[in-house]
């Protein structure tokens, strides 16, 4: 037992902060991720993460906390993507990717300029790959608040969002303001991405957004259940990741630990692959699809 | 030295299906289906949606192994892979986006040797072949347009040219008329009939509404309830034959030159066009 | 700018641009632009790992890029393509992060592996790049026809005896090879821009597949040459210029398409034909 819970784990301040923030992040990303996967917008989520990288790098350049950079850039990116019409027309992912690839180029520039002006080494690493143990406690209230707001938006809109996923025309026919709902969703997504970026880095944030959600959806087709399962899986991966990362400081004599983000990402993928361990028969799968349709359409 | 009459007989059937059964996902889709298609014959493969028409086409193409029965091409059993030279195929719909850098004539050019390694060198002979094929389907007007920007009917013509440019003996089409307006339907059927006549190709065209094909088809393979009835149109499209196929009372009405198949029960989704206790006279 | 030190960069970048243009054409045609995002990140992890182990970075790049490509190919058939690609992409990046954090000089190495480095093309990387470049171009030339058929007309390809599965696999492998070469020069995160931007722009400017490949290659070359020159002058990262210039060409292409669609092209002038007849 001693080797699993290394000394100082439970009393360490940074660990407590990491666990708190990690939980908020995992829950928010997990829930919103379910909607993202159902809507087939994993690519959009990843593109937003690219834009968030730019924001984080920009924030670093001007000396502001990364989270605000992630958030503002994420929201701006979401607005741009809505303008490009990534939700309305198929095949817009190329456009999105290219334009946001330019954003990554800008991130490269900001990081470069930032390292010229300040002496903090490894800042690039933190922005790109996260560093959960160095989250400043001052930002924690803001992180928690953002998570709650995003979750609230999604909770209110979840039924409508599921309806629009079946077909925007269907929803519009029922009098749903499809465009407005889509924008609100993209904003919530931007928040989820930013939170995830703070925890495990902008470039890796997709893992917490897509992984637990995809895993949960393989286990159940009922959206509510999937969101709960997704949040749970993400939280478990995060906690376990923090634990392993803390322990890793003790694994080698150099006292350097492995990044939390690596563990989280690896655990998320393992969970997803494990969900393939059970293979339902064709009949059951067909039945579940029919059930899903019933649930989504008639509720 | 070939003996003329013997050659005639041997080549009489380009395609012969004997007792084809197909089982998919635990369900028996088709049972004991047999029919033939000869050179120059224009045959309709008719049946409601989900009856197994596409499955049957895939069996002929070698993409779906049958659980029983055999397929003979030119009198010889179909090899597992191969036979592509003999058979041209026109799929139902293309998933092509409008920006795709591929002109109609590029698509047709791929019909010559798109399945062989290497890359095509432009030559006068190739251009001649492509032009000729485009003329045969009356598509010269838009030969240089992006194939993704063409209408459904125009794309069908291009795909037909693609399929016949290498002079196959057999041409299979999967629901080519499904999303076309009336005039386009008539145009496509006319083109196909002419190709069948001029190039002595056997044409097998699947559809859920037989009316656009009535003028040209000499034979029909009607698929329903997992079984098939094949023969001349007049022999197959009869109340007694179709009742046996469907397993429930079916009437056949002929109104103003159109055929309407009426089933005794209420219409189900996927019933052939015109079926149902309330008959729709225009066959649509 | 044209010193012997820089010559390596010019040569390597030119080779890379040609491959990116050719491969990118097919990636966009096949709608696999997301894979063009994912596989380079695999390469990144490999490069970091190779650095950790002290091997030539090309080995790491090649092995991990191939693993990533095959992983996407294998898993993608059983699971949803977009989810699997995203997760594999991220796992690769995370692994790269791990390797980097375990090595001693991670800041600069991270940076150049992700965003490119004009001065970072060492001679012992140049020869492999040239060889891989030649192999990739030859491979594409050999499978050009069936690959085009399987990519543009998949419904027909199988019927004509071209196995779309085999072509999928072949293409992913070529993409992995192309990526291996591109990452050291342009950086893992910007390979996507160089592969997809020029190819997406090219399809706006021409209707013919052969021309589209040539135009994509040309645009890619212009992009890297301009990028190198500007990066040399300003010391700003090459990846920045590549990202921005590629996006610029893409937007140009979109604008051109919009203009083009307002006129009627490609039909020989004849009696006016209503749009709904065929």
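For clarity, chains are labelled A, B and C in written order, and residue numbers in each chain start from 1.
FYI, a contact is a pair of C-beta atoms (placed from the backbone, for glycine too) under 8 Å apart; a residue touches a chain by one contact, two chains touch by 3 or more.
Values in this document were obtained by computation on a predicted structure and should not be read as measured data.
J.: Using only alpha carbons, which chain's centroid is the nearest to the whole structure's centroid?
T.: Of all chains shown, the one whose C-alpha centroid lies nearest the global centroid is C.
J.: Looking at CA centres, what chain is most distant from chain A?
T.: Taking each chain's C-alpha mean as its centre, the farthest from chain A is B.
J.: As a quick test, compute the distance in whole Å between the mean CA positions of chain A and chain C.
T.: 26
J.: Could you grab the centroid distance between chain A and chain B? Build each centroid from C-alpha atoms only and quote it in angstrom.
T.: Those two chain centres are 49 Å apart.
J.: Between chain B and chain C, what distance separates the C-alpha centroids? Give it in angstrom.
T.: Each chain's C-alpha centroid was found; their separation is 40 Å.
J.: Using the touch definition from the top, which residues of chain C touch two or more other chains?
T.: None at all.
J.: Give the residues of chain B touching no fewer than two other chains, as numbers and ranges.
T.: Only 99 qualify.
J.: Can you list every residue of chain A that touches 2 or more other chains, as numbers and ranges?
T.: 91
J.: Report the residues of chain A in contact with chain C in the complex, numbered from low to high.
T.: 37, 40, 42-43, 45-46, 50, 91, 93-95, 97-99, 101-106, 108-109, 111-112, 115, 121-122, 124-125, 128-129, 201, 203-204, 206-207, 210-211, 214, 256, 258-259, 261-262, 264-266, 268-269, 272, 276
J.: Per the contact definition, I'd like the list of chain B residues that touch chain C in the complex.
T.: For this pair, the touching residues of chain B are 61, 63, 81-82, 84, 87, 89-96, 99-103, 106-107, 110, 113-120, 140-142, 144-146, 149, 151-154, 156-157, 159, 162-163, 180-181, 183-184, 187-188.
J.: Applying the document's contact rule, which stretches of chain C touch chain B when the two form their complex?
T.: Residues of chain C touching chain B: 29, 141-146, 148-149, 152-162, 202-204, 206-209, 211-212, 257, 265-268, 270, 273, 275-278.
J.: Which residues, counting only chain C, touch chain A once they are in their complex?
T.: Contact set of chain C toward chain A: 28, 31, 33-34, 37, 78-80, 82-83, 85-91, 93-95, 97-98, 100-102, 106-107, 110-111, 114-116, 187, 189-190, 192-193, 196-197, 200, 236-237, 239-244, 246-248, 250-251, 254.
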